[in-house]
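For clarity, chains are labelled A, B, C and D in written order, and residue numbers in each chain start from 1.
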Amino acid sequence: MNLFVFGLKLSKWMNTTSVRQISKIGFIGLGNMGNHMARNILKKDYQLTVFDVDKSAITNLIEAGAKTASTGAETVKDVDVLISMLPSSQHVLNCYTGANGVLSSVKKGVLLIDSSTIDPFVSQEISKEVEKREAKFIDAPVSGGINAARDGTLTFMVGGSKENFDSAKIILEVMGSRIVHCGDVGMGQAAKLCNNMLLAISMIGTAEIFNLGQRLGLKNSVLNDIVNSSSGKCWSSELYNPVPGILPDVPSSRNYEGGFSTFLMAKDLSLVQSAATRTNTLIPLGSLAHQIYRILNTHGLSKKDFSIVYQFIKGNKI
Amino acid sequence: MNLFVFGLKLSKWMNTTSVRQISKIGFIGLGNMGNHMARNILKKDYQLTVFDVDKSAITNLIEAGAKTASTGAETVKDVDVLISMLPSSQHVLNCYTGANGVLSSVKKGVLLIDSSTIDPFVSQEISKEVEKREAKFIDAPVSGGINAARDGTLTFMVGGSKENFDSAKIILEVMGSRIVHCGDVGMGQAAKLCNNMLLAISMIGTAEIFNLGQRLGLKNSVLNDIVNSSSGKCWSSELYNPVPGILPDVPSSRNYEGGFSTFLMAKDLSLVQSAATRTNTLIPLGSLAHQIYRILNTHGLSKKDFSIVYQFIKGNKI
Amino acid sequence: MNLFVFGLKLSKWMNTTSVRQISKIGFIGLGNMGNHMARNILKKDYQLTVFDVDKSAITNLIEAGAKTASTGAETVKDVDVLISMLPSSQHVLNCYTGANGVLSSVKKGVLLIDSSTIDPFVSQEISKEVEKREAKFIDAPVSGGINAARDGTLTFMVGGSKENFDSAKIILEVMGSRIVHCGDVGMGQAAKLCNNMLLAISMIGTAEIFNLGQRLGLKNSVLNDIVNSSSGKCWSSELYNPVPGILPDVPSSRNYEGGFSTFLMAKDLSLVQSAATRTNTLIPLGSLAHQIYRILNTHGLSKKDFSIVYQFIKGNKI
Amino acid sequence: MNLFVFGLKLSKWMNTTSVRQISKIGFIGLGNMGNHMARNILKKDYQLTVFDVDKSAITNLIEAGAKTASTGAETVKDVDVLISMLPSSQHVLNCYTGANGVLSSVKKGVLLIDSSTIDPFVSQEISKEVEKREAKFIDAPVSGGINAARDGTLTFMVGGSKENFDSAKIILEVMGSRIVHCGDVGMGQAAKLCNNMLLAISMIGTAEIFNLGQRLGLKNSVLNDIVNSSSGKCWSSELYNPVPGILPDVPSSRNYEGGFSTFLMAKDLSLVQSAATRTNTLIPLGSLAHQIYRILNTHGLSKKDFSIVYQFIKGNKI
């Protein structure tokens, strides 16, 4: 038996050990996404303590056996792992560093997992504070939406040390099917934001060419065939086409309901814009995509799937 | 034997018949692309007559057995099929409708194939003039670049009647491996332009996110893995990545030599811009992509592969 | 007396002579603008012949003494000067070069004045055809809108030879108060389009800062004082402010009625876009301004004054 | 004597009184701008204490009679008024709230004037901390550049209470000729940023039309006359024209030396971008202007006057 194989076994064994230590989990932020994630944790017989400023958000979890806490500080007091799933950088900052926040009572060695999508810079600032308290922090934003949260098939993009990533993996696998280590703290956020910026750009581009094609007399089906077998192909054109009727099971074919909302896309692009501005980075198309999704929000389309930009480009009312 | 199979055989036989009628071909525009295409025709034992305003462009073809003509009118006078491969709408207009142009001497029933990438509106205007002379016209722009032209593996996007498409197919198959019927005259151009606009947009977007990722501390390899297994995936990120070293055999890994030049991308985007402006069609990202490729041209990068936009976004000199 | 001075005197004398020779004028295109302009000509006792495809557009002029013609050819047949005021490049092309068009019957020496706002390239193409017939052509687009047309206070931006400019001046002064010679044929159009592009850009910019200021807590009146005494000042901020209530007598203070419509601004930006695309000229902001005015048109604001972009930026419905 | 007049006299008297109380002033940040401003204060016989992390920046002021301090805390300890002039939001935050910062030793009633150009949100956050210590804060960013700083003719845009504005005025008048009250804390910044965003937009627009005009054949002098007597007129076209030779005494006519640097314009646009992103405000042209100035910075033009965007648009190397 060579060392490499031995090393592999040892590391497996160590992981198993560390896993056994996790029995109590705290969860802050039980909205659309967080509630599903927390339920998947409960199903695995962990002891779960939940906290949300909206009491009605946790009723179903209490019925399913969760304990409740009334502050972040109380939520983290007696757990091995704490997960947060909050709507913005400011919420996360308050939750961790505010009065009665998580950091006011977190113990040494506790692992804090923030699955919110926020500014990577904020993740890094919080992480520094966490380290001062000898606790552990990773950022672990998700992709996949509400259905994946319900089904436990989210993708987690994780930023943090390899050790913390390894510790978190067994918990994240309860909620997701793909757990990717992206680098140091903040890199989970960075990876998600970069992906979503390219998604926004290629979605708007897809919307533009299908509308232009029609205006020039081209059939949608022909353009669909051409683009998706050529160099214009992208995820938006192939698997999430914004033109109703091309693909059967996407938001564009059900009046742009469900999916990933224009509001959330604009939010992610705000985070990209902030990150790019702080680092003096050029993002000409990303910046215009940001403005376009902001226009959609301003004009009443914030709750629709982000592929509705196609109807906006056409000038149609939905 | 069922009808479907019979139909198939019959159609093959009919094609064969029509093929026998094509023995003499004219070719106008023997530049980088046209010269390779013409050589593939010569290899198939067609009688070829060639014309280019630049005499030196046809030397090799004369040596290989082609006859020469000194005007468009002379080139088309005694052929079954004429192919043109020219750099701009204006060149094509002059070639067909100018003094001593193709239309001044084209005979009834001759098939005119324009493989130039031009404004679909111009294709349609020429087609009307062709029909008045009872000749036939298709637009058949290509994708695939110089290597595909040399190897006879171009993709042809064809606009014209089904009958003319069928007639042209056997000739186009001498030069290409994929021949797609896109609709009426102009729709080959429309399809190509729409594809290339989305290509430009997703290439710039890809360049933006890889640069932004780096500025935030993300490794190229990590972002590459994330994006190409997620919703940001596009042809540019997956198969033509603009970051040197990610893919071995793309222009970015050989100093942006070869490939599809910034000059040609800016040209195609000009055609898109004109088509969109004429039809009052919204193309916010396409329009900004057009300006960005124009900036690259203006700043000395016109001969480099269009993926060099990545270096421009980084602020690097090449 | 040296020859130069003699030449000068002679030319002055000739101008005077040529002015006296203008008694009969033709006018094509009697829409909102053209009708007012034609009436001002009638008031000066010229013999006027009018033609419009819409017969109802000329009723008032016939009552006021104008003769009618039924084609462009007929309109120009017996006049010294012909004026055209049409909505697009295509209309002007048809009017001059189409069947029964002006050029089919124009006589030597007749002066053709096109006051339409069109692509300068089209002006130049028409001018070449006019010269072949030994007639004279100037482009003379206007600014000032319907009120200035009614009051005879239009500004004419004229492109053409100095001699033709001088000949036209006396007629243009009947309709306008400021007649500017901008250079050769097409330069009237070029000057107008350049001005209007900067107008569109600075109007949108003005709308953006007043909205942003409000969002940051700044009073409109304070920002108005600061900007209009500082380096941000522009015509739109100072004399045509898009924020209702800042200036009493502008479209923004009367529900964006009257003024210069979003439709016409989008049209002028289309002409700019075409001219820039044809000449490979960078216009990043002009191009985005074009897209923004196109969005407004697509979303039902085409008839409102172009300062309504302020309400669009705010996300308000009008 | 009615009450109103009495009130007026009383307030005048009170101002005079408060003025007499200011004898000691601290100044932090003695760079290009701050050094000139501090010298103007010294000339008026105030006792001045200065602090800059770069010791060489204060040599001339010590020779002229200033005392030095080694931290922000020490600078503010014994003064009536403290002025700061620093390069970024982060510098200002550190200077006020960092270890040994101003807030660690500021006494009740002391007036803190921040003349840095920073994020208005940061000004507001600092102001809250200042109020907790019962001191006073105003933001007072300037316009006018180095020459105006030297000559004491700066414009100050002030945000803060009316009372604090009145107290600050006598000191600001030592350094500037125009002191404008813009509203509550942060509104000085907001006003400056809004003005500069419109300036950036109209400068790029001016550059675009002069280049486009040339490409279409129009003379610079003609376009200059037309635009500056029409609706396209803006400060950039009329008083700071980016085309060399049109105006004698502007940066474009001396190789874009002096003036307001591309670097500082990009910085101000970053602040605008952040403020707009934080408040979910649409700034499509402002956002593109930001990206364009960022391109200029990335491509080596950061030290040139911001009107050099004209040469960039032309594709010229400087």
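A few points about this structure:
In this section, a residue touches a chain if its C-beta (ideal position, glycine included) is under 8 Å from a C-beta of that chain, and two chains touch if they have at least 3 such contacts.
Quantities reported herein were computed from a predicted structural model and do not represent experimental measurements.
Note on connectivity: the fewest chain-to-chain touch steps from subunit A to subunit C number 1. Two chain pairs are in question, B-D and B-C; the one with more C-beta pairs in contact is B-C. Inter-chain centre distance (subunit B to subunit C, centres taken as mean C-alpha positions): 40 Å.
With each centre defined as the average position of its C-alpha atoms, the distance from subunit B to subunit D rounds to 53 Å. Subunit A has residues 280-284, 288, 295, 298, 315 in contact with two or more other chains. Taken chain by chain, the contacts link every pair, so each chain touches all the others.
Residue ranges on subunit D touching subunit C, taken from their complex, read 120, 143, 155, 157, 180, 182-184, 186-187, 190-191, 193-199, 201-202, 204-206, 208-213, 215-219, 222-223, 225-227, 230-237, 240, 272, 275-276, 279-286, 288-289, 292, 313, 315.
Touching subunit D in their complex are the following residues of subunit A: 266, 270, 273-274, 277, 280-284, 287-288, 290-291, 294-295, 297-298.
Looking at the complex, you find that subunit D touches subunit B at residues 288, 295, 298-299, 314-315.
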